[in-house]
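Listed below are the structures to be examined.
There are two complexes below, and they share subunit A, which is joined by subunit B in the first and by subunit C in the second.
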Partner chain A sequence: MIRVRSMLMTMAAPILAVALAVLITTVVLLAAGDPVGRVWGTIFSEPRPRNIVNIINSGSVLYLSALAAAVGFRMGLFNIGVDGQYRIAAFAAAYVAGQAWVPGILNIALAILTAMLVGAMWAGIAGLLKVTRGISEVISTIMLNAIATALVAWMLRSVAVPGSNNITTTPIPESSRVPGMALIPGAHNEIYGFVFLAVAAGLFYWVLLSRTRFGFNLRATGASESAAVASGIDTKKMILAAMLISGAVAGLVGMPLLFGDSYSYGVTFQPGLGFAGIAVALLGRNHPVGIAFGALLFAFLNEQANALQLQAGVSAEIVKVMQGITVLSVVIAYEVVRRANRAAEQRRVAAELARARAEATEVTG
Partner chain B sequence: MSTPTHEVPRDETVTRSRFSWGWLLIGIAGVILALGALRTVTGADDVASAGTMGAAVRAAMPIALAGLGGLWAERAGVVNIGLEGMMILGTFGAGFAGYQWGPWAALAFAVFMGTVGGLIHAIATVGFGVDHIVSGVAVNIIGLGAAQYLAALTFTGKPGGGPTQSPPVERMPTFDIPGLSWAGRELAQTDLVFLTDAGAVLAGLTTRVSLLTVIGLACIVGTWLLLWHTSFGLRVRACGENPQSAETLGVNVYLYKYSAVLASGAMAGLGGAFLVDDASVYRDGQTGGRGYIGLAAMIFGNWRPGGLVAGAGLFGYTDALRLRRGGESVHALLLLIGVGLIALAVWWLWKRKVAQAGVTAAFGVGLVVLHLATDSVPSDFTGMTPFIATLLVLGLASQRLRMPKADGQRYRRGEAG
Partner chain C sequence: MSDETPVAVRLTGIGKRFPGVIANDDVNLTVHPGTVHAVVGENGAGKSTLMKILYGVQAPDSGTIEVEGNQVSFSSPADAIDVGIGMVFQHFQLADNFTVLENIVLGAEKLHGTGERARRRIRELASAYGFAINPDALVEHLGVGARQRVEILKVLYRGARIIILDEPTAVLVPQEVDELFDNLRELKAEGLTVIFISHKLDEVLKVADEITVIRRGTTVDTVVPADVTARDLATLMVGSELPSPATEVSTVTDQVLLEVSGVGLVDPHGGRDLLTDIRFTIHRGEVLGIAGVEGNGQSELVEVIMGIRHSPAGTIRLAGREISDESTTRRRETGIGYIPEDRHRHGLLLDSPLWENRILGHQTRPPCSRRGFIDRAGARADTERIVTSYDVRTPGIDTHARALSGGNQQKLIVGREMSGDPVLLIAAHPTRGVDVGAQAAIWDHIKTARRKGLAVLLISADLDELIGLSDRIAVMLRGALVGEVDPRTVTPTQLGSAMTGAEVPA
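Coming up: the complex of A and B.
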């Protein structure tokens, strides 16, 4: 009964958060004198086939980014560095794939392996600094993000095709591109072939965390580090492993874009996916299915907002405000629910204790 | 008991302030001497020129103010990685008010917008006990989105403005400090060993000083006085060290935390005003991660104002150097840092800290070799300096760093003992 109630409250939290975000955004729009009705009309209009494809595509990218953050969150690690990890990994993979050292599918596999390794290594620096020197992973990953930005900019200029004004790595050869799938009728654009990569990563995440001993240890460490140590878990090893896995998944973030859309890494390669992923992971409560809903919601908002400028004369950036408020209100809602549940639990225990004491006095008296 | 709350028993583990004017002067003289020697050895004239020094101050102030923002929040026990978002809000505020009503309005509005960002963070972390990092990330997303949305709303179609840029903003008045500026320039003209460089530095620091710089300096000194020399400050810091104890002594922890986080946002917003003033325009992406650099400066400075200023000065200096024949100047600086690190390694070896000495020496030798093997440093690497320096300090001197004890922890009233 209590379990059902707390589950219902958990489900209610994200919905309430979105509603609250809509409300606050409406107030902002009203204050700014923007056409409120037309803004919501545009955002919540039925997406066209073309838009649906875009939503699925960018949703899968966001999903990967959120999974990377969620792996850390499950054991209380804040990998703020997904942003740096995915960019440096995408650059490395684009470079390797562009060189075409091996043909066709092998080239794709090699590039993905490179991305995961580089992402894991970059996150591993933060993990290593935490376990050997006790440096907070939040601080070190923030620093590593900035270092990655500068490093990638420099490497990109070093390897860029000379003579072109568009600074990019060598494009991936035709034979190593991942073809899209025309699944949505009426759409001219195609769904990334690598959507399956996101699905696979989601399955891997679920199996790893819910069905393996390693996942149990990871969650146990996240729930209570002292209890984990007492039960014989080597938390240092767990921290390092979690950071490496998180980084490896972060390495995958750029892959659907790289193999399905841009075919090279350039200065215009989509930025900011890391922090959006953190937001999505929080919205989805680090649950593989919850994250999927969160990723699709964010992708939906981003896609629908593109028409705002044209339809309502309002800057599309308003959805960023809305997304930020959604995340903040959802974590506040979770916190309120947690407190309410705990208070209910305390009342229940107190009531039971009182009853037990009353019974005891009856027996002795 | 009628003992006033500010007479707490002395905790010997707390690092005492070892500030004294004598040491400060010796330190400054040492830095100038080292830069002068470096200029002579490498021939990179811009490492200690008046122009570089002036630019360094202008680059350091926003970083220092963001760092002060971090200091206020973290001293009260609230981790603030939302500084970047608050700073972005500040830049918009400065642009919005600045092009319409002048520099003073820009200043006020930037502070106001930053404080709004601080309020969001305070409500989430202090009011609702949300994790500080999560709230910081959300504030960054909201700050960026709000600034871009509002900029597109208010600047589009204005003369010289657009969706990502404000119309030109009038700058704060600048002035020369009488006497000192002249003396510095005269000294810089001479060709004496130490005085030339000292003169150049003096001239750089005292010529065309913006009124905003004076305000920024007042904020730094004011923060130091307020946090370390008043009972208000003691209570704020008590909330960061041990809020439960503070509560038992009758301190309204929520009130102090709220005030500190609001002040934090105000400082970050003021930092944003600096950026707008320096460029005399609001531009999208103007902060360029300076909120994070400020955070780095604060950690580099061991959660203390003096150290924070040193960190911001260092980062501002390298940033300024990048713009003044950066390749050559930064290349020269490598030698200085390399030699400095080797000296530090020797000192650590003497203190029998072999591991630190080893790592430091490796970095030092590496930098010297890099200096000798190359002719110039790509500008991208200069941008990494603050972050690598902070990681190194954290990695090598983590025992000497001490953050507020309850930093980042949830606090709820009535849960003490």
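Coming up: the complex of A and C.
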């Protein structure tokens, strides 16, 4: 009964937040003199099959990115560097897969391993700096993002296929591509085969965090570092491990795109997924199911916004405004719910104490 | 006393509620001018809330406040200061790198400026009330007792005629307490009124003219010291008999369980060594108490034994095994139970449910985990066991640790640390900030541990607790063990002298 109520309150928070975001965005639209009705009509219209496929595809990529950020969040680490980590990892994986040193499916496995290793190493730099020199991971990961951008651009030049206008790595051979799945009737585009990679990562995250000793230590360090130390947790090791895992997951972000869509890493490879992931992780409260909803919501908004310019004559960027407001209001809503839950819990404890006291007086009196 | 004398403070029917908790309910208090009026009650009885109401920090939900015959209502401490009420908090609010003068005038520059006039005023006050204090001394060079006098001067400087002291003796050793009481008598003689909050009954009986007892948020009686004994007061406070820490017959054996030899610790900030050449043993079934003014290395000693800090020299042997180089986890597995001095920072995950708190410190052992995985069912079942057998008052094991009262949090910690068959129990201030009921229960658990053959290292600032529970007491001063006393013969006053560096009684 108590648990049902607290669950309802938890669900109420994001719903309220989205409603508030719609309201504020409406005010923004009104202030700009844009056609409010047509904007919402376009965004909340039923997506066509083709759009549904796109929503699922980009949702899975966002999901991976959010998981990477969430691993850090659960122990109080702010890994801003998912963006740099996934790009440098995707570049490395694209290069390795393009060379086709091993055939077919082995090539895919090798590329994924490369991506995870490179992502982990890139994040591990920030982890090492924090553990050995006490440098804030926020600062170092931001800087590593910039370095990753420059490094990838420079390396891309040196390995790019000569003679082409499009600067890319060597395309992955046909035998090592991951076929899509035509799951949505009426759509002629396909869902990435690597959607399962996102699902697997989500399962791994859930088991790791809530079922293993390692996950317990990670959450305990995030909840109270001093209590974690007293309980015997080596918090430095945990910081490093969390950054490595966060980076390895970040390495996966580019894989569905690489093996299901672009087949090479080039200057047009989708940027900015790392920052979107941070917002989605906040929205989903670092919970694997919550993040899934958050990722699909963001993907839905992005997809539906594409038609805004045509249908309503409004820039699709308005959706970014709405996403930003959603994240802000969801953070506030969660805090409100958390306080309400805490007060309710204190009342229950007080009631319990009063009951025990009454019983004690009955016995003695 | 008769009603013809104008009262200094009269509280009538004060009530204050917080979500789910009634902090004060129908509190009535009459304080006569020129007296020391004590307000006593156990921890959590509502004394502090009441004083915050009188000092304008919190507004009451009901009731009236009269000061010197006029009804008043405060919206902030500034209003209380205006009518002549001052408060000295338990935790001093002084800037260490400022002088006494600077600390006193800070925020009251308009009264007498910041220069010679202020200095003269402070000297006047100090000599009028018998406070030996140099206005130009740096606060960081002052001892605890002197800092407290600065706090009182601060309040006097602002023109207070009614002074509230919140647990002023909690941080003092017995000698300093006597000095404070002399100061209070001076204040009284000069016609000032002192409201003195405490839960130490002997002290209250020594210094107060009248005593009001608070129990569960309400005033239960006002008595005159001549008419009551400490025992009577205790009965009024708890509503039942007061427990005592005294242990039974000795269970000490000759089998050494903990042997610490030559342990030291260097200050990472370059100050004097935090620990120097510490050596002692604890036997099976023995409680070794460590007495000392706080900050003399007790916390560091515990952290070295737990493996949280590392001693560059010396050895620590537990049950015959050298553990000096082992991790905290390995030491815990070998059999150390640890009740930390600050349960909020070191003992609990406040925003996690009780059953997850059961796992803390036991991550590597059944019933909490198996082969790297958390055993939820095992941990939950064992939490139920602790809640039942250690009488943790909670609606359930999914309740967050933060929601429990201090006493119940501590009982959970004691239950957890006694799990998994420890051979050594380290208890740092185990009953600090818990109610009398939980205190008695925790003392019982420590006695049981001793009877079961554990070695117990007890660190406490409560000298009665230390003397009552310990088989031996070692005195710690400036990071070294400077002597040992026999708890069967030592008095709190003797122990207090030893703690400040006076000769250790034989």
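By our rule, the second predicted complex is superposed on the first by the 332 of 365 C-alpha atoms of A that agree within 3 Å, B and C clash if a C-alpha of one lies under 4 Å from a C-alpha of the other, contacts with A are read in each partner's own complex, and residues count from 1 in each chain.
Definition applied: a residue touches a chain if its C-beta (ideal position, glycine included) is under 8 Å from a C-beta of that chain, and two chains touch if they have at least 3 such contacts.
Model, not experiment: these values are computed from the prediction.
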item: Partner chain(s) touched by A:F214 [first = subunit B, second = subunit C, both, neither]; value: second
item: Touched partner set for A:R348, first subunit B, second subunit C, both or neither; value: second
item: Touched subunit A residues, subunit B compared with subunit C; value: B
item: Touched partner set for A:A223, first subunit B, second subunit C, both or neither; value: second
item: Touched partner set for A:K320, first subunit B, second subunit C, both or neither; value: first
item: Which of subunit B and subunit C A:S231 touches, first, second, both or neither; value: second
item: Partner chain(s) touched by A:V336 [first = subunit B, second = subunit C, both, neither]; value: first
item: Subunit C residues within the subunit A interface of the complex; value: 19-21, 306-308, 327-329, 331-332, 338, 340, 345-352, 356, 359-361, 363-364, 369, 372-374, 376, 393-395, 398-400, 402-405
item: In the complex with subunit A, residue positions of subunit B that touch it; value: 79, 81, 120, 124, 128-131, 133-135, 137-142, 144-146, 148-150, 152-153, 163, 289, 292-293, 295-296, 299, 378, 380-381, 383-384, 386-388, 390-391, 394-395, 398
item: Residue ranges of subunit A in contact with subunit C within the complex; value: 3, 210-217, 219-220, 223-224, 226-227, 229-234, 342-343, 345-353, 356
item: Complex contact set, residues of subunit A against subunit B; value: 28, 32, 34, 78, 80, 129, 133-135, 138-140, 142-147, 149-151, 153-154, 157, 275-276, 278-279, 282, 314-315, 317-325, 327-328, 331-332, 335-336, 339
